[in-house]
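Several structures are given next for inspection.
What follows is chain A paired twice: with chain B in the first complex and chain C in the second.
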Partner chain A sequence: MRADLSRFEVVRPRALDEVLVRLGEGGWSVLAGGTDLMVTLGALALPPGRYVDVWRVDALRGITVTDDAITMGALTTYADVQRHPLLQVEFPMLVEAARRSGAAAIQNRGTLGGNIANASPAADSPPALLAYGAVLELHSRAGTRRLAYADFHTGYKQTLRRGDELIARVILPRRAAAAAPVAGGVRDGVVDAYRKIGTRKAQAIAKVGLAVRLELQGGVVADAAIGAASVAPVPLFARTTAAALRGRPLADAIEAAVAAFGDEVTPIDDVRSSARYRRQVAVNVLRDVLAAVSAGRTPVDSL
Partner chain B sequence: MIDIELVVNGRSQRVHAHPLARLLDVLREQLGLCGTKEGCGEGECGACSVLIDDVLVNACLVPVGQCEGSRVDTIEGIGADPRVAALQRAFVDVGGAQCGICTPGMIVAASALVRTRPRATPAEIRTALAGNLCRCTGYVRIVDAVAQACGAGESEGGA
Partner chain C sequence: MQDGFVGRSVPRREGHDKVTGATAYVDDLSLPGMWHGVTVRSPVARARLLGVELGEGVPWHEFAIVGPDDLPGPNVVKLIDTDQPLLAADEIRHCDEPVLLLAHPDRAMAERGRAAVRLRLEPLPAVTSLDDALRGDVVVWGRDNVFREYRTAKGDVDAALADPDVVVVEGVYETGAQEQMYIEPQGMIAQFDAERGVTVRGSLQCPYYVHAALVALFQLPPQQVRVIQTATGGGFGGKEEYPSVIAAHAAVLARKAGHPVKLIYDRVEDVRATTKRHPSRTHHRTAVRRDGTLVAMDIDFIIDGGAYLTLSPVVLSRGAIHSAGPYRCEHVRIRARAIATSHPPHGAFRGFGAPQSVFALERHLDVIAARLGLDPAALRRKNLLQPGEQTAVGQVVREPIALDRVLDRALALSHWHERRAAHEAFNRSTDGPLRRGIGVATFMHGAGFTGAGEVHLASVAQVQAERDGTLTVLAASTEIGQGTNTVFAQIVADAAGLPLSRVRVGQPDTAVVPDSGPTVASRTTMVVGTLLRRATASLRQTLRDAGLLPAGTGPVDPEVFTQAVARYLADHEQLRGEARYEPPPGIAWDEKAFRGDAYASYAWAAYVADVTVDLRTAEVRVDDFVAVQEVGRVVNPVLAAGQIEGGVAQAIGWALFEQVVYRDGRVANPQMTNYIIPTAVDTPPIRVEFMPPFLGDDAPSKGIGELPMDGPAPAILAAVQHATGAVPTAIPMLPEQLAQVLQEAQS
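Let's look at the complex of A and B:
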């Protein structure tokens, strides 16, 4: 059975202002690349109503680089992310997340803004965006505001985006690029590690996703930021786990961080996995990543 | 319902459809292009692979309202490109098909690869086809067919 499309009203503006006018009226939802909404529509689970299709709004496309940030339009696709030479160098976890989202056809159509707004706790890009300290720029007729992405998800599929607001841009603050691993362990520099555990390499929805950024000075964790997928009602910014690492020699802090992570995750049983499996795998993957960095091995995704 | 103009396999078409109608249904039911198959209908299997402005997509997930003014190329039209015709011949020569349901999508997905990376490696071929499921072949002859087309492109290219 197909959805009764007569119950769906769709406008397809080209101008951002027109999108914001509609959203300001209330009762409009946003359609971007369709990789989530069209699946939901096909499953007869998309609420009938009014939809603003933003696919043709050029103001929401493009990646711009300044000295202190890389700014991605909300319609930036996973393919756009993978192709961008500076994202490859400075934000490899986001590139890897894009590579591990669906497969080529999905990557050509799925957008960062959609991935964020859809707010699935299993989404692939949020862990990387959390670990990189991303900032969201939301536009509405009332104005523009910026929010730390780490504060954005407030509950299962709940976010700080108001109904009149559109996620227009995703901003990545530029910091030191991740260092190549060195024999004997990384003692100074930034290390990134992204892991995704799924049933297969492509087309899988994560059972566990993990993005870890460590900044080391003389073997001590000067800073740590950890994002995780599929282990909480929201894309998880693991503040307690990061705090267990910060200010301590990495080698000495691993078990405390792993224990903190086991307490910080709150996974569920569902069709893809069990809560017990997810907690155990999340903990194991974090331990593996931290041990690899500590030992100077490349913390690569081995799946 | 809206009128949407698009260019399908090189021919200008005007279709009358709801903007959320799936490109897949418009191709098959309004334009009679039944080479594009429906498998899962949720972007998992790749049977409905088509190109929009040379970019690989799942036609089951593309609302036709997003195709206005675009070029859409399906399995019925992509063989006009000689590199893709060579790819299609390779599927025949190598036996890269059994029941055939996945084959149009496989060839469209592979065409997106050979047009951009005519000397793709086996690993690149497997990544490019990762969104296309085949329940018969075990993929070996499919990958072999694409590899042969890539090899053929190499010798024909003369470089």
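Let's look at the complex of A and C:
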């Protein structure tokens, strides 16, 4: 450990109120599972200063189910997500995202709240949360507010969370469960498809991530929601692409949607991949998913 | 001998302690009063160093500070040449080059000091590509940026290429740098004492390399320098030459501080500063008859040595010798150059130049096969070297080699013909995104030092009998995860006729062990193992000559042996057997002509890769891998298979995952989160088979550590070519690169 730990002050409260008091004071940052911050610390890139470790705050844990929604505490880990029987049935893309994040140790520590707050455009769970229309509940001394997650990310590592606020819960509105593919194509029902392209099959950081939810009625796209990772400065909620699908017969809308997606993504060249590759693969994978749903095939997952 | 330990998969000796976390590595060790060292490095690839300023807010009086003027001896990293300084004095020649050393009792304060040092630099033009170096507009080394050039030729290449009856096929093939990514980053602890001299402990492959470097730097008698290898978490060549630098740095800091100093690199520093595999470019021009017979090879092999000469000439030499492969060809011309650039020096890495040139040749053979419409396996089979024939550098292979049998076995195990046909049928009929292919590579790997290297080393190994009747192995060969301790114990136990439990293999310590040479070049089992067998036999002979043991070479009753040793030691101070390297008879290498017996022995192999390519993502999955080789006698089948599997996995990384991104000469992805190595799920089932030795059951063992690095990359790219029809010619071939190759093939 090369980092100078004497320059970090860390408090570990158990009460949510104490966390909110600290955040209200200003100058405190939040530490949850640590799976992002510890990497930064190891690289000597974590700013020294004051950190509130929220790991012991029980009020931020637990998954509760009502008729309308599944509400997950911000400290819900990827392991918790994978184990939850109802999430497995109704929100399989989130479960898949959790399954493909890091390795077992990361999955035991990494939290949904942290994954959202860290605001990495490459994060695995945001595309699924976007496609599922998640709502965030933020707490502060000033009160509690709810935000559509689709509005949360405003720029690279910029969010609507104020410095005095803590992401306390992630709420998933319950809708119809996804249907199994049927021969001749899905004409009625909901289809989910999650893809993560990371070159390496485990412990990868996404080069392209994609979560597609389609609601079909009589072969027509009644609703569509698409989240994507690593193709924009933020976890991308692809509104234009979804609009290109909505209200049209799926089979006829594929090429327009794929073209819209190609325009909507704004990937970059970096040390992990190239803009050109990311754009091409994002487009290829979306086309593949839509074509498979349209043809009633189970989309062949990428290698 | 069938009842002995050689040939049996006895468990790895240090395995339990490593798996349970009991093993102490250098960073787990602490000495009383120990300080922590850090290295201030250059942030740019090339500059004049005008000055070093110690910034504000740091209690500098508490630090030990070492610059080029504070060294006890020459400011030189002792290797082949003397061009590399231990600390840059006036010109910076690569990014992350060491400039200043600091030590402080508190590690965090040492880091604060490192961050507060400012270098005053005047930028100089850098050379960050092979093309720039060859163009020579900017000269960073010698007159022409060429560290070393070798040329060798046989026959009349130009006439053969001009023959109207041949097809001439040309191609250029490139390989990238590769990080060794041993699990334990590098580190050393040094002590200095005016009377007792220098003692260094650390993670390393070659205790006597470090010893020589410290003797030269401190100008001390050899016995006043002591180097002790601590448990080492992998090396792969990365701990061959670089540990000498860290040991020297730690030792000069210890001398300055008056305290022991620990100098540990973290992953980022290790990846940025230490050596990597040489990038390469090979140009092949080959004359081949329409039936596939190789007639002439014209080979131009270039490697990027980085900013200093280091070991590049020897890497180049091995690469050049392997560049024409295990094939019969009458006319061969090889030109090989190691080029200087402003990259951190590239260095030793498993295979040492051979994987680069083997990749190029094997890739080229697939291009030739495609051009002639031949099965790639058939093309190779037609040209395989036969007993009594000459290699490209004129070595007559004396062994009764049967590489065609090795190839046939690999083809049978992989169901080559059936799979090839099945994949072609699948690819023709599918309208989905997946394509399948199968590819093969045949190759040889020379074991031990190149040319007269082993003769110059004149390695010595000893076996000592203790009063309790046990034997202690005395060798400088290090356990770096490859099984040295276990294999040595097996060999010595059999030679002594004793149970395995009676043989101890100590940690190499230059105060105790003779110089059995470096732990490199796949030489440990083959060369040092042989020395230990002879040393043990000699010890036994001493007891027989003294009338204390009956004649014979078979098992000995341990109690009888213990009594014999006790009686011998009653009259003598110690009982040791010793052996010194002797070259096999009739071996001669002409370094000037670059011809002759390049290696005392070769391992032979044929590898087959079966892949799926996803056209949507340009990702490649290796579905199955067959590795068949002849390596002489296998001492420990489980450990040997582990070496092959590990090498194949490392080569899959080199081929498909691992990209060292240099930006302005600096490694831009120095962490495990952005330098991507394959995980277990990215690694296919690897089916390893060792052929019965060509020389029969009692054949000597050959080196195997590097062999498996040579074949996988070309076999995998051949399979991708078979799957897609595109012709990839460069690695690493990440999906980003393959996507481009596929696109170009389409248009």
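Points worth noting:
Here is the rule we use: the second predicted complex is superposed on the first by the 301 of 303 C-alpha atoms of A that agree within 3 Å, B and C clash if a C-alpha of one lies under 4 Å from a C-alpha of the other, contacts with A are read in each partner's own complex, and residues count from 1 in each chain.
Heads up, the rule we're going with is that a residue touches a chain if its C-beta (ideal position, glycine included) is under 8 Å from a C-beta of that chain, and two chains touch if they have at least 3 such contacts.
What you are looking at is a predicted structure, and each value in this text was computed from that prediction instead of being measured.
Within the superposed three-chain model, A:P173 lies out of touch with both chain B and chain C [touch as defined at top].
Of the two partner chains, chain B is the only one that A:L31 touches; chain C does not reach it.
Shared-chain residue A:V285: touches chain C; no touch with chain B.
After overlaying the two complexes on the shared chain, residue contacts for A:F8 are found with chain B alone; chain C is out of touch.
Within the superposed three-chain model, A:G247 lies out of touch with both chain B and chain C [touch as defined at top]. In the superposed model, A:P47 makes contact with neither chain B nor chain C. Contact with chain C, but none with chain B, is seen for A:I205 once the two complexes are overlaid on the shared chain. In the superposed model, A:G163 lies in contact with neither chain B nor chain C. Looking at the shared chain after the overlay, A:V271 reaches chain C, while chain B stays out of its contact range.
In the superposition on chain A, the residues of chain A contacted by chain B and by chain C overlap at 3, 5-6, 39, 42-43, 201-203. Taken in their complex, chain A has these residues touching chain B: 3, 5-6, 8, 10, 12, 31, 34-35, 38-39, 41-43, 51, 53, 55-56, 79, 102-106, 108-109, 201-203.
By the touch criterion stated above, chain C contacts chain A in their complex at residues 107-109, 111-112, 266, 268, 432-434, 612, 614-621, 657, 661, 668-669, 671, 673-674, 676, 678-682, 734-736, 739. Taken in their complex, chain B has these residues touching chain A: 18-22, 41-44, 46, 49, 55-58, 60-63, 65-66, 68, 109, 112, 127-128, 130-132. Residues 1-7, 39, 42-44, 197, 199-205, 207, 271-274, 276-277, 280-281, 284-285, 288, 300, 302-303 of chain A touch chain C in their complex.
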